[in-house]
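The chains carry the letters A, B, C, D, E and F, assigned in the order they are written, with residues numbered from 1 in each.
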Amino acid sequence: MKQPHIQCTKDDISKMVILPGDPARVDRVAKHLDEYEEIAYNREFKTIKGKYKGIDVTVTSTGIGGASACIALEELVACGAEYFIRIGSLGAYQEEIKIGDLIIAEGAVREDGASKMYIGENYPAVANSEVLEVLKKKAKELEYAHYTGLVRSHDSFYIDNEDDVVRYWNKKGLLGADMETATVMTLGRLRNVKVGSILNNVVVYESDVRDGINDYVDNGKMAEEGERREIILALEALCELSKK
Amino acid sequence: MKQPHIQCTKDDISKMVILPGDPARVDRVAKHLDEYEEIAYNREFKTIKGKYKGIDVTVTSTGIGGASACIALEELVACGAEYFIRIGSLGAYQEEIKIGDLIIAEGAVREDGASKMYIGENYPAVANSEVLEVLKKKAKELEYAHYTGLVRSHDSFYIDNEDDVVRYWNKKGLLGADMETATVMTLGRLRNVKVGSILNNVVVYESDVRDGINDYVDNGKMAEEGERREIILALEALCELSKK
Amino acid sequence: MKQPHIQCTKDDISKMVILPGDPARVDRVAKHLDEYEEIAYNREFKTIKGKYKGIDVTVTSTGIGGASACIALEELVACGAEYFIRIGSLGAYQEEIKIGDLIIAEGAVREDGASKMYIGENYPAVANSEVLEVLKKKAKELEYAHYTGLVRSHDSFYIDNEDDVVRYWNKKGLLGADMETATVMTLGRLRNVKVGSILNNVVVYESDVRDGINDYVDNGKMAEEGERREIILALEALCELSKK
Amino acid sequence: MKQPHIQCTKDDISKMVILPGDPARVDRVAKHLDEYEEIAYNREFKTIKGKYKGIDVTVTSTGIGGASACIALEELVACGAEYFIRIGSLGAYQEEIKIGDLIIAEGAVREDGASKMYIGENYPAVANSEVLEVLKKKAKELEYAHYTGLVRSHDSFYIDNEDDVVRYWNKKGLLGADMETATVMTLGRLRNVKVGSILNNVVVYESDVRDGINDYVDNGKMAEEGERREIILALEALCELSKK
Amino acid sequence: MKQPHIQCTKDDISKMVILPGDPARVDRVAKHLDEYEEIAYNREFKTIKGKYKGIDVTVTSTGIGGASACIALEELVACGAEYFIRIGSLGAYQEEIKIGDLIIAEGAVREDGASKMYIGENYPAVANSEVLEVLKKKAKELEYAHYTGLVRSHDSFYIDNEDDVVRYWNKKGLLGADMETATVMTLGRLRNVKVGSILNNVVVYESDVRDGINDYVDNGKMAEEGERREIILALEALCELSKK
Amino acid sequence: MKQPHIQCTKDDISKMVILPGDPARVDRVAKHLDEYEEIAYNREFKTIKGKYKGIDVTVTSTGIGGASACIALEELVACGAEYFIRIGSLGAYQEEIKIGDLIIAEGAVREDGASKMYIGENYPAVANSEVLEVLKKKAKELEYAHYTGLVRSHDSFYIDNEDDVVRYWNKKGLLGADMETATVMTLGRLRNVKVGSILNNVVVYESDVRDGINDYVDNGKMAEEGERREIILALEALCELSKK
């Protein structure tokens, strides 16, 4: 049976999955694979299946936000996927984090709506420690500038008191924000699969969000390099994990 | 300046906007326009601009979930849009609602995360009454089978206690559920724009959600016809509203 | 069987009901009826039954606050009432709203305790759209100065941070506040009856609440005229609704 | 200055106040006074001022529910009142409590909306211990059957799951429910005045609420006697308190 | 059977119990007893049993915080204890309260986590009125400087916004804060036992908490005298209560 | 300056700290040190300082519950401590976990009151990944039976619906429960120190809690061995961490 949204069957999905948000990033992951084929592209869910250094890898875009990320994750789990590495973008909450620096999330503040539909807010959004370890080890081996810590996943950054929110979390030590990490970490744990998350910083602290994202869309060199790095890091980590 | 996600400028966006969730439905709306051009397609946000019976209409897909719908709405408002009609799919919560029946939402239960980032839960997600009136009037004129009442917008239907949730709301009289109506109604009001929502029933009450959506994806005739109707209804309503 | 609080039976109550808060306003509605009789007056619940342009109308006062309004509504529904129009007073939250201007509520922020006993806060307090349409149409025909939008219904305006609360909601675009609209709209929907609400502005924005209400009690001309208008508007609307 | 709702001035209000809910009960208190005059009767707020065994006593009805009780209390405090004894009706939550038995509340579960507008729910609704002591002492001297413990004050008993709610609180040991005790105890403390509450049981545990209240309205002998006793107890307690 | 934490059996525990927080204070209570023996000392729970003016008294330390206080209370109730008087320390929230002044709590704001595990926050933490009355009467007879009113029980005073919290509660009229009163009052009522609380002020309002507690640990004379007084007051009250 | 509760100064505290709950366990840790001295023992806080394989180690008991654990952690951080490993007891929520098996917590459900005083519930209680990695690695090297996953930290297990709670979390995949892990993980992160937690299972799933803890107090062999192992694991991990 084809899953209703991702339009894939068990045969289409490998044990190892990469989860970008943007369907276009699926294609940019494809460039790093030894071979691949497109499986389906329905709504914001684009899926390809390919090979990287001998292992099978699926790449499925989740779209923006926890609601669509949940759908992708649930349907991928239903197809037998076991390891998930999200590769996304982050707006930094600390001054020292530069564009293109990678954030490997240990956990996330759950300000998304989707994870709360599954379980109370006091349940922690935590990276799977096996995946987390491999991500940290590989990032070090690859000599990629990176930070490890907590992020915040929310459902809208165009809120009226955005500045206050960002300053609050800056003081509490968060590394930055995205919109899906908390959802996939929470849901992954409830579904007994292993989830990690790598985020590429595309907005420096206290710059304007719209400007930052625009720069990114305009393909600033550093953000592009950050994305290239998070792709390679995810692929290398899945290789290592598949050997265990 | 181009908006970062929808990749449009003020020149690209008209006062009247239709908001499907699915980028593919943007193309299906296009077929009903007298003329149109594609403006942008970035992530889940596909935008076309066209003409319908002499008025300018923009169609932008929101993607699934309140988080991406918020982004679309905020950026469209920043480009000068004033009237929004969401056209989406619904899973029915009452037995008598058949596939392809239209639901014109008076308001929505706010079980989405995105609207809560803007304002407390006790703020009502209510359709703009001017838009609502015209939708009801036009649906009657077009002789489309339809219901008017409340729906529920949530961030995930793959939750473990889904059946209990659905039965609870059936008893409370809700017509059905989607994932974006509450978000766009709440945010629209805060941004002082006018929002209505038409939903096409694609899952009958107490059937299995995955089956239902699959049928829809497989293009069951009635669901297809329902979509055609919600498109025409939205277009006709915008025409009428533009005359005021 | 007589209902315990309103002390009425099914024979006493018509399909069409007007709901003032103040028992004394019941008598002022009576003056506009072609004929009427007093049915009961127990606690804050005064009920009369009469005729207006050929239709049967019941008028029952709810007392102040959602708790007593709930009792009135529940017992009236048990007696077979179907359409309810609240006529109440409002303190304005926007500068342009003058004393005696009418507010036709599309919905209400649920800051009352009573509606929360029935259903979660994210369920919207929304006017019935059939009633709302007729109220808007009739207000226009009668050429009464009026606004359509959201109000806030709360359980106390003598709170210590009242000024902050009012300023917050002014910025969010609310038209003003009363104490019963959210309750009767929420409960009405759950009981499958049709509820609308007209509010007469008796306190201008940023004036002192006690002064404002005193002026009103002292029968300022404009507030009196506003009340006269909301009574006529309610009666005319019920006439129109009874024809459908 | 006259208070806007109770329509009284400082001269009208004594230090000692009795707070029935029902305006008609104000008159039944009057019968026990040595002399009295009616001060005002606006909406549900009826006020008389009189003498009992040499001390000045004011009696003001609060109407049903915390919202109107708050208004009465705030305006009475503004007029200089210091001691308040609520005399109300209760539905019993324990089998052994008979019709007409008195409940002297030590505190109350805050299920009203009004007190929550003033302060967080974890702030306790507690009787003033000076008033409580005198009430207990006098009830004993008068040899009135009575219970001391906690009650619950809520904003609606016509909710769909009323039976579950009642059974839950029965197990937790509550004596019964009214609609105003929690509000006046919470607000009284915040306004630095002294509040106690006597409740007359008018509905036995697990009987039907509508029947129970009807019996009461039909003036069942025991309920009437209970009311007579709560009036005398309140008056005697205020006498004792005025001597301190 | 020995209770798992306090390591006592029914034979070890009398009807009357004193609950200090600090195990060392158990020994300081012992000095005021006519005779005593140590029963158990496991973790923070030290228990002695003795005689005071002819009555049997148990003294058990609860440790710091509601979590351990709950354990002590639950296990003592399981052993048959009926009356509990907590003797603890308080940081004052009002300027006029001096070091060594006693606070007799009528109730407490429930900012502890433990009581919330048992019952919703709107259930009041109230002193048993029988115990409270005797404490007030005895404090007066002993001519100890004391205050009666509400306190706040919380789970940490090293929070970042402590100053704001303290100032907020100062304005709301709280007498001060401890960490266990709300827990033992709430749980005691649910378990149908009688609980009172005496607190000895060891930190004046707006002094630094760490300094204050240090002074106390350094055995400032007034704080020591305050502790002596709360011990005697508790013992005298239990004597009086045992006569009833 | 001496910290008020733990009664230690900066000189007394090393960078590496072990946090048992029970003061008696401090002494049992001491047996594994090459040398040590007792620093202070005030209330439930017992502190020793010693050497293990050449590194300085402090051991401080936290007492039971988040409230006292917070105090210990805050004061230890004020004295310069940087790495913390909690060694505690757990009641298992999964059948396969045997007495004496170790649980290395990746994170914890925050059902404690103390951590909520610092930060919202949606902030995750997550182990520091550096500490977590070393704990997992060392447990493997030492060949100790162990599990890695989430636990729940709460403020009372004597609640009335304990069985329901346990069964709920069993289904959600939690490994078991303690009372301090969530608190120290949350607070540690906010204070920028590194926290891990090892728990020794002392109660098998679906056995009676009181029996289980009694067996433990009676020093069942396996539970004793489990405690020995968590001590050695903590010491070995701190050694490894100090080399970095």
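Things worth noting here:
Keep this in mind: contacts are C-beta pairs under 8 Å (C-beta built on N, C-alpha and C of every residue); 3 or more make two chains touch, one makes a residue touch a chain.
Model, not experiment: these values are computed from the prediction.
Number of steps on the shortest path from subunit A to subunit D, with steps defined by chain touch: 3. Considering the contact criterion stated above, the chains in touch with subunit C and with subunit E alike are D.
A separation of 59 Å divides the Cα centre of subunit C from that of subunit F. A separation of 51 Å divides the Cα centre of subunit A from that of subunit E.
Note on chain placement: the centre of subunit E and the centre of subunit F lie 28 Å apart, centres being C-alpha means. Between subunit A and subunit F the centroid-to-centroid distance comes to 31 Å (mean Cα coordinates, whole Å).
Under the contact definition stated at the top, the residues of subunit D that touch 2 or more other chains are 111. The touching chains form a single ring; listed from subunit D in the subunit E direction they are D, E, F, A, B, C. On subunit B, the positions that touch subunit C within their shared complex are 106-111, 119-129, 132-133, 136, 148, 150, 172-173, 182, 189-190, 192. Interface of subunit D with subunit C (complex): residues 1-5, 7, 21-24, 42-44, 63-68, 70-71, 74, 111-114, 116-118, 154-156, 158-160, 179, 209-210, 213-214, 216-217.
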